[in-house]
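Order of writing sets the chain letters: A, B and C. Residues in each chain are counted from 1.
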Amino acid sequence: MSAQLLISGVIFGLSLASIYFLISVGLSLCFGLMRIISLDQLLYYSVGAFLAYTVSTLTGNFWLGLIAGVAVGVVLALAVERLIFRRIYERELTFSMITSFGILLGGIGAIKGIWGVVPKPVPVPFDNQISLFGTDIPVYRLLVVVLAGLVYGGIWLFLNRTIIGKAIRAGIEDMEHVEGLGINAARLFTITFVLAGALSALAGGLYAPLIMVDPHMGLEVLAFVFMVVIIGGLGSIKGTLYSSLLVGQVVSIGSLIYAPLAVMAPFAMMLLILLVRPTGLFGAALAK
Amino acid sequence: MSEGSPLARRLSVEGLNVSRGEARVLFDIHLHLDANEIVSCVGRNGAGKSTLMKSIAGFLAVQSGRVTSDGLALSGLPPYEVARLGVKYVPQDKKVFSDLTVRENLELGSYATQDHNWDRPLTFFPKLKILMDRKAGFLSGGERQMLMIGRAILGSPKVLLIDEPTEGLAPSIVSHLKQVFTELSKSAAVLIVEQNLPLVCSISDRVYALKEGRLVAELTQRDQMKPKVCEDLL
Amino acid sequence: MMTATWRWWRGILITFGVLAALRFVLPLPFMNEVLIFSIYTIGCNFLLGRVGFISFGQPAYLAIGAYGTAFYLFYFGTNPYLGILVGLAAGVIFAFIVGLLFVRLRSDYFALVNLALAVIVFYMFQKVLAGITKGDNGLWFLTNIASTPILNLSRPAEFFVFVMLLGVAIWAFYKYLDDTVFGACCLATKLNETKLEFLGYSNFRIRLTAFVIANSTTALAGCLYAIYLGFVSPEMTSPARTADPVVVTILGGVGSLLGPIVGTVVYTGLRDVASKFIGNWELFVGIILVFIMMSNSGGLYGSLEKLLNRWKRVNG
């Protein structure tokens, strides 16, 4: 394999990792704080992509589309949290899994109804390439990576430098004590859930120009996102970061070597890791 | 029996019945706290002491009965609302937010109460000043207990529910806590659940005895409050 | 005594009696589909209702069974019974190997990992093994199915009789399981692991056995689909399909023995009727799922609680 191929493979893997990370971090936070599995995040991902498509096609401006995608994703997430999740926080984990899957599926159906089944292209805002290490890299892909990095930085700042972020970290460890201090649990949950939705929608919007936008895109990414979350461990942001990078590279380089490896390799890796550490690399233990 | 309508009480529990799953744990509990009192609740393991506190604080659902503070109903409120109303619960588990520093732990205490004056916690527990930037996970048991109480008294709560504070702590820390509780009672009503009978008998104004989910006695006279008497009751 | 036996068999015989009667009222394809789908669901129901594991990956085992049968009939022979045996064997082996890895996991990881499995299997059949599976085109072998003596499986009416008999056997088997210590153990493994270990049982072995039983049943349903349709394709394990058995399980009542049949009738009926109006598959399933979950005031484990009480009484 040539060096150029390898380098572009690495960049491709990094951009994949960025998308996985944005979705997974929300999933992990929701699990860590609220003890729910929020499969519907994949819906906000799809919504982000579809709105990006519609608005960018209408206005000719991709960035407006991206913003629209995030905005609608946020509103949708807020509605879902208020109407549905708020009533089921106390329940078993599997309850939220099934319910959120229902929301995801229903949402896909709604998307099908609104946009139809034909995949839609979203034009890349700029298709310049720059030369890195002797390889031509699309600037947009690099931008995706940079943006994801900025988001990670932003999340870090939020969780470590703001009082609400600290309350969330405290809540991930022990929600009872947080409530005992008089902190409004319901509001904390809503903020976290909506944040996750925003990140997922951002992922969808950002990824849209790199793929064809279609109603089942959420389901296609689902397995990979789960492998990331499982490998990294539910509830750990750091774990999510590392495992996104890992899975991103494995998928990318793997597909260069032998196409099916793109799917088999992360899966095999996940199984291996689970054998050794049944809750993932940095997984949080479930307080029963 | 003390007199006074429930409305006057800092904390009033009437006819409390609590079940955990299918099993009934608390039977028809009546107790009250007046301002500036230290009241203890003693009982063996499994008697229901923690359940009682958790129910008052809103962490457990109540089958029947009423809990009020200064006339305001607490039953049915979520725990953070109960805390907002000035009834603070300090659990038995000696847990603090380990990934956050002592300073950040206190900040969270300040956050909901909007009380950023740390004079009182730091006067009670000067050691916390030295530990400010240490991650709370590295604190000893006694230090954690101090942090937990320090956090809880931010916002000047009217009622403090403290669950087995001296369990597993060194005598020097226990006597320090004794002084702290006495000081605290000057501005709040304190309900302490304890197994440490000598401690209880030395600082309490009143003692409730809890046996297998029922209140079997209320001691109001100082001369009644001897460890031996409590032992016999239980 | 006769009455005790009758009481034991009553529910099953009556249900299948009703199904047999319905066969003359409702279209035969519908009835065949209902039967096979019920068998598909009972595995999921057993896993969720007894062991407390939810699996979004049932389609994987369905596909293994179906493709096992398909390979046999496409490449090797023509006897449908042998085809079923081959598919079932594949299912059992696959479930055992996968189970060894999966069963140790916590319930949420278990669910997610099974979901990933379904996607992997889908991908395998669609792309990786396209050489032998013919990818999305699927395998067609309807003409390969030989006529068999007694019951000619290649004819839908007789196939129906076969599946009915099989169904009675399967339901009797699961009911029998319920009554055994093993059945009680499955329940216990969900509710109180530590106690079970203290009593000397191995949680792992109980779960593994339950896992293999449930998923082999699912694989068997796959074999039946293969015979019935004379055709398999990767679509049966596509991500959109992963919710099917879960929805039906919930519809019919988690943990209830005859629930899968009731749930399937309702679900398939609704689907066929609604598809004329809604035409939008996912929307329909999604809304039903959310609706059921939200209105389920007894909780997903409401029926489980009743079973727990029964277990408590049995064990004193």
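Just so we're on the same page, contacts are C-beta pairs under 8 Å (C-beta built on N, C-alpha and C of every residue); 3 or more make two chains touch, one makes a residue touch a chain.
Since the model is a prediction, treat every value here as computed from it, not as a measurement.
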Chain at the geometric heart of the assembly (C-alpha centres): A
Identity of the chain that, by mean CA position, is farthest from subunit B: C
Interchain centroid distance [CA atoms averaged], subunit A/subunit B, Å: 43
Mean-CA-position distance for subunit C and subunit B (Å): 53
Separation of mean Cα positions, subunit C and subunit A [Å, integer]: 32
Residues of subunit A defined as touching subunit C within the complex: 31, 37, 84, 87-88, 91-95, 97-99, 101-110, 112-113, 215-216, 219-220, 222-223, 226-227, 229-230, 234, 259-260, 263-264, 267, 270-271, 274-275, 278-280, 286
Touch list for subunit B against partner subunit A, complex: 57, 59, 78-80, 83-84, 88-91, 95-100, 104-105, 107-109, 111-113, 151-152, 155
Complex contact set, residues of subunit A against subunit B: 163, 166-167, 169-170, 173-174, 176-186
Residues on subunit C engaged by subunit A in the complex (per definition of touch): 48, 52, 54, 56, 101, 104-109, 111-113, 115-117, 119-120, 123-124, 127-128, 239-240, 243, 246, 250, 280-290, 293-294, 299-301
